[in-house]
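First, the structure itself, so that you have it in front of you.
The chains carry the letters A, B, C and D, assigned in the order they are written, with residues numbered from 1 in each.
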Amino acid sequence: MEENNYSDDQYGRARVQDSPELIAYYKELETLGAGALWTVANDIEPWEPRSSSVPMLWKYDDLRDLVLKSSELVTPEQAGRRVVYLVNDNRKDVSAAVGWLYTGIQVTRPGESTSAHRHRASALRFIMEGEKGYTVVDGNKIMLEVNDFVITPNSTWHEHGVEEGGKTCIWQDGLDIPLVNALEANDYAVYDGKQPLTAPLNFSPMTYGGAGLIPADKTWDKPYSPLFKYSWKNVYPALLEAQKVNEVNPFDGIFMQYSNPLTGGHVMQTMGASMQLLPAGFKGKAHKHTGSFVYQCAKGKGYTIINGKRFDWKERDIFCVPSWAWHEHHNLSETEDACLFNFNDLPVIEGLGLFQGRELTENNGHQQVQ
Amino acid sequence: MEENNYSDDQYGRARVQDSPELIAYYKELETLGAGALWTVANDIEPWEPRSSSVPMLWKYDDLRDLVLKSSELVTPEQAGRRVVYLVNDNRKDVSAAVGWLYTGIQVTRPGESTSAHRHRASALRFIMEGEKGYTVVDGNKIMLEVNDFVITPNSTWHEHGVEEGGKTCIWQDGLDIPLVNALEANDYAVYDGKQPLTAPLNFSPMTYGGAGLIPADKTWDKPYSPLFKYSWKNVYPALLEAQKVNEVNPFDGIFMQYSNPLTGGHVMQTMGASMQLLPAGFKGKAHKHTGSFVYQCAKGKGYTIINGKRFDWKERDIFCVPSWAWHEHHNLSETEDACLFNFNDLPVIEGLGLFQGRELTENNGHQQVQ
Amino acid sequence: MEENNYSDDQYGRARVQDSPELIAYYKELETLGAGALWTVANDIEPWEPRSSSVPMLWKYDDLRDLVLKSSELVTPEQAGRRVVYLVNDNRKDVSAAVGWLYTGIQVTRPGESTSAHRHRASALRFIMEGEKGYTVVDGNKIMLEVNDFVITPNSTWHEHGVEEGGKTCIWQDGLDIPLVNALEANDYAVYDGKQPLTAPLNFSPMTYGGAGLIPADKTWDKPYSPLFKYSWKNVYPALLEAQKVNEVNPFDGIFMQYSNPLTGGHVMQTMGASMQLLPAGFKGKAHKHTGSFVYQCAKGKGYTIINGKRFDWKERDIFCVPSWAWHEHHNLSETEDACLFNFNDLPVIEGLGLFQGRELTENNGHQQVQ
Amino acid sequence: MEENNYSDDQYGRARVQDSPELIAYYKELETLGAGALWTVANDIEPWEPRSSSVPMLWKYDDLRDLVLKSSELVTPEQAGRRVVYLVNDNRKDVSAAVGWLYTGIQVTRPGESTSAHRHRASALRFIMEGEKGYTVVDGNKIMLEVNDFVITPNSTWHEHGVEEGGKTCIWQDGLDIPLVNALEANDYAVYDGKQPLTAPLNFSPMTYGGAGLIPADKTWDKPYSPLFKYSWKNVYPALLEAQKVNEVNPFDGIFMQYSNPLTGGHVMQTMGASMQLLPAGFKGKAHKHTGSFVYQCAKGKGYTIINGKRFDWKERDIFCVPSWAWHEHHNLSETEDACLFNFNDLPVIEGLGLFQGRELTENNGHQQVQ
């Protein structure tokens, strides 16, 4: 039924040859803020999804010193946020790491804290190192440990810091700023002073963090998860438990989505996140699908082949997979599992009916590395 | 705006006096399968919700020996299920403990198992004592420990047993059989032979039991929770965590609903369940609301005043609170917390728009004990 | 997999013989508010859905004079509502026409009006005859014409009347009073005086009655349809349109559900309604399903065979089909279509996961009439 | 709490001065695919929503001849679609009329038809002139009349034409092609030959076009409206009815959203549409909100002031309002109403939690025209 030769020289595609008459016609249209669709149709109606991003890898060994150096160069007061952001070679115009997703690495020293602000864009964090770091989300202070995943959803007041006596904290920020800017809907407000703490320390994870349990006497009417922190100390054991009773997904190993316990859906309206465990020796098969993904290695070492190019990663390295790029994950260890955290724009892609995928069938499901 | 004197002798209520002409008219109507509404209107349109059940308490000390004796009197093969059921004095016609809820106490000895069956009615269990008990729900075998809560939803194949080498297991069953019969929708089927196990042991709790985590690569299209077991070893710590950061609910202490992690709703379509922790010294205030409740004390000791009558309970005792009955819970210990499990018909009452409640305002919120 | 012989003398059913020891045991249990499940199990766990209602037909020719006579015998002031209610021979204890559904025929003379009240039970009406009748629902006055369907949902203030200069109005009331009483959740309140009209005449149907159109600048947060009247002048043409392009459903002809335009679901939480057109000469096949139904013939004449018994109906006759009863509808005219209105408890049955059906396969899908 | 002076020279914004050391640092970051957030933060985190589109008006008097001329210059076979598209001065790179919305004017002569294709992008049409035009959506042929609104959702096969004996048809196309391209998810397929008609003519509007009625025996599992055509012959009377009983919205007159009758939501997942009636003499007040809008005047004449600039329109003129632009609509006639059709990206903006609005308070709610 479909013709898949993808030639534009066929009935159903624009095949108009230029002529002097047509060129004159096009000029006339242009003066009226118009054009002839057939001059652009094949370009704006591609046969398959097309990404403007390239796959990239950011090695933590390269970046860590520079990130720490920023803490000597600027203060949080000057910088607003002391962050090194990671930018896709093809998305510098929108400060995106891939697609419409922003990511950066933020450093906070013991005793430092940032001002509180909020924005229509949503944010999330994945903790890379340090001790006694915290975030405050709408008056709820939450302590952070390595590999914890925390959210600061759309329009919540938020600020961060590290307690005196802690150790310098570094975490990855993920935001949908490029998307919300593209959708022409972002805003920003500065909190006048410090947010008052309106809930006991760690209220959210201690109230909503029981598996299959929700407060029977509370209502929650926000369009995002009431659970603001997903602790590694719970997440990793859950992956190990699941591994015992589930077949390994050939593409993604043991694959768990961070979820809003009140909906079973994504943690926020615009960004989702998941954690996957690649068992020792795992050699993932290749598939591609719509949606943009930023990964961080939370444990172990391995490599991912993206559109035929191999990217080797170990703990704390960050890389991205653009929409519709072939990708397959490999664990390089034969004895230890590896864990990949990712955040993505799946709530957008799925919510708007734009998700589709394809599995690589040739070569037993593995790409040829270039 | 409302008149609350609740007198039927007012405009807006039926106030027709009998007369010979009317009596003749009523008889004529009766021959046609009809009647005059005003002869029954005040009765079928009560001012406030009205329950036909009475509060009752079933003491485990009284029942335990009789329950165990059943295992000498009948085999599971003969009995189908070896269960002593608890019946409300006013609901014997429908075999209900309260409202339209059935409950019973089932005993299974080591090495015994029941046949598999299914029915449109939904079932749940709360484990009272024993070791190495298990249930099998749609091919998924799940081990049971004391104070675990498990579900066997609408039309799932299910069977139970205790492994050789275990200890005699006793658990409370809860079913909506009276409701589903009343709604004229129940059915029953016997499985021909043993259910094959289609999933590894404890698949459901090991896959869906991570807090805020769901499998990213699975879909679940059933109208009930994919999490079939809620383990006491997770539930009690969650209550303690919540206690640290939440104010105590004046009626219900620390109050957690067992929840479908994919919806944030009740575990099944017709029955909900929750667990509440009454802190040491807790003296709950009285309220009433629609919905029928069957409680079991999972820990500690205390009493509940229901419609002015005091019912003392300790671990394993079972009692019920009818719809719209005033009730308040008290922990009798000044040093230990007490925990009450309950199951209820809230999914029905809430789902059909029939929930309402009222708090007792007089006497500082406490009932006078008769 | 299922054994369908429906014999209770098989493994998986209760098969315990009485013995003196057991009888003594049962007596002991009884003193504790308990019983042995196996003594009642087969009874409360039927093989198939079981209804306590019988099929019945109420002929309007028989009832109309008696209904009108009530307007000579009592006033609305005395009666609250001047209604002849129709009661199932087997459901007199709960004043139900079938299952848990109440129905009655109400008569109002020109210039009469009733007081306003509200109750947790929901109500609906189907207009049988008269002119210039109206209902007022939460301050919204709506004019009524023959075959119009109107709703007065759960807890809305409502009252009815006929304008001076109109003609005596008769309509069928449908309520879920028996259900809401059974669920122990009903209440009642009398409005003190006349409801003020808070919206222009016919606000609801004039605002929400455009097909595929909703007000872009309004929000509606009630759990029932904002469209309170479904006019016959729109419904019948819609049936005729649908008939032109749809195959006839072998059981139900052209079959349209009254729907909440904001959800596509039932009009209220506890009762649904639909209208079906049986084309000229239609001979429906038999099926059975859960759910209770009260029908009124809105147009034409025909008969329905229910559990093997034939019930002939014509315009304005009312009949009921109990849960799980075989039923098939026949149009007796070879030239005119016939229309059947019904209301039912499908929101309950479907919402609680209790719907199931079966088609008659033998005898070409038609029942043998007894 | 918020400071609204919008100065970047305050605590909470980036305020880092360049220095030789910092410049060297920035260069080093750049070599690693990274940057310092504080160099871009204020730019990518604007205080208020910011649109890259400008308001524009396309007058039909200017365009009509050129549109018709295209039918002399190219055939549908050559052009794929014979469309003059309207492009925003600031969005030529993405062929968008405003934001991420595409619009064009398509002309089809009697006897012509296009090939069938489908794409992940969704489409809609608003009919401007002609007779006997039709569209075929997934095998369902639908006749089109002036001011009808039709949808061809995400991935449906579709084709258009005008019957022999009809009159040249011109309609406005609206698509989300720029959005779906930006989200890197578009695709395209050509149907091999003509779509077979799988449903009777006008099946969709004749089946789903009854107000408050849906087929009781059909299920629809698509994420878009089953109603593919919203006929002007129903829409305009519905506006007039609503006008009689509703207060006029000070910004939008009588304002009706085209709606999925099964959800009460937008007609498609990515684009919404509505029709508003501006009563004779209507002088709308100004507000602004997120979301991009393309308007066509369906009836009457008037003007819209957008960000202080007046745009005069009459029947068939098309104009756009960018996100967060102040806008107010005025009807220039004191005797006739005017109607504005629009389509928009509200499903995206609302669905992702990005909707917000503001009303103009100064000058009695009216903008100063520049």
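The rule is short, and it goes like this: a residue touches a chain if its C-beta (ideal position, glycine included) is under 8 Å from a C-beta of that chain, and two chains touch if they have at least 3 such contacts.
For reference, the UniProt names are A, B, C, D = Gentisate 1,2-dioxygenase.
A quick note: this is a predicted structure, and the numbers were derived from the prediction, not measured.
Novice: Computing the C-alpha centre of each chain, which chain sits at the greatest distance from chain A?
Specialist: Of all chains, C has its centre farthest from that of chain A.
Novice: How many Å are there between the centre of chain A and the centre of chain C, using C-alpha atoms for each centre?
Specialist: Going by mean C-alpha positions, chain A sits 52 Å from chain C.
Novice: Using mean C-alpha positions as chain centres, tell me how far chain A is from chain D in Å, no decimals.
Specialist: Taking the mean C-alpha position of each chain, the two centres sit 29 Å apart.
Novice: Distance-wise, how many Å sit between the C-alpha centres of chain A and chain B, to the nearest whole number?
Specialist: The mean C-alpha positions of chain A and chain B differ by 43 Å.
Novice: By the touch rule stated above, which residues of chain B touch at least two different other chains?
Specialist: In chain B, nothing touches at least two other chains.
Novice: Got a list of which chains touch which?
Specialist: Result of the pairwise touch check is A-B, A-D, B-C, C-D.
Novice: Which chain D residues qualify as touching chain C in the complex?
Specialist: Against chain C, chain D makes touches at 199-203, 206-217, 225, 227, 230, 234-235, 237-239, 241-242, 244-246, 249, 252, 255-264, 274-276.
Novice: In the complex of these two chains, what residues of chain A are touching chain D?
Specialist: By the definition above, chain A touches chain D via 1-3, 10-16, 21-22, 25, 28-29, 32-38, 40-41, 44-53, 56, 58, 62-63, 66, 69-70, 73-74, 77-89, 94-95, 99-100, 102, 104, 115-117, 119-121, 154, 177-178, 180-192, 223, 269-270, 290, 292, 322-324, 345, 347-349, 351-356.
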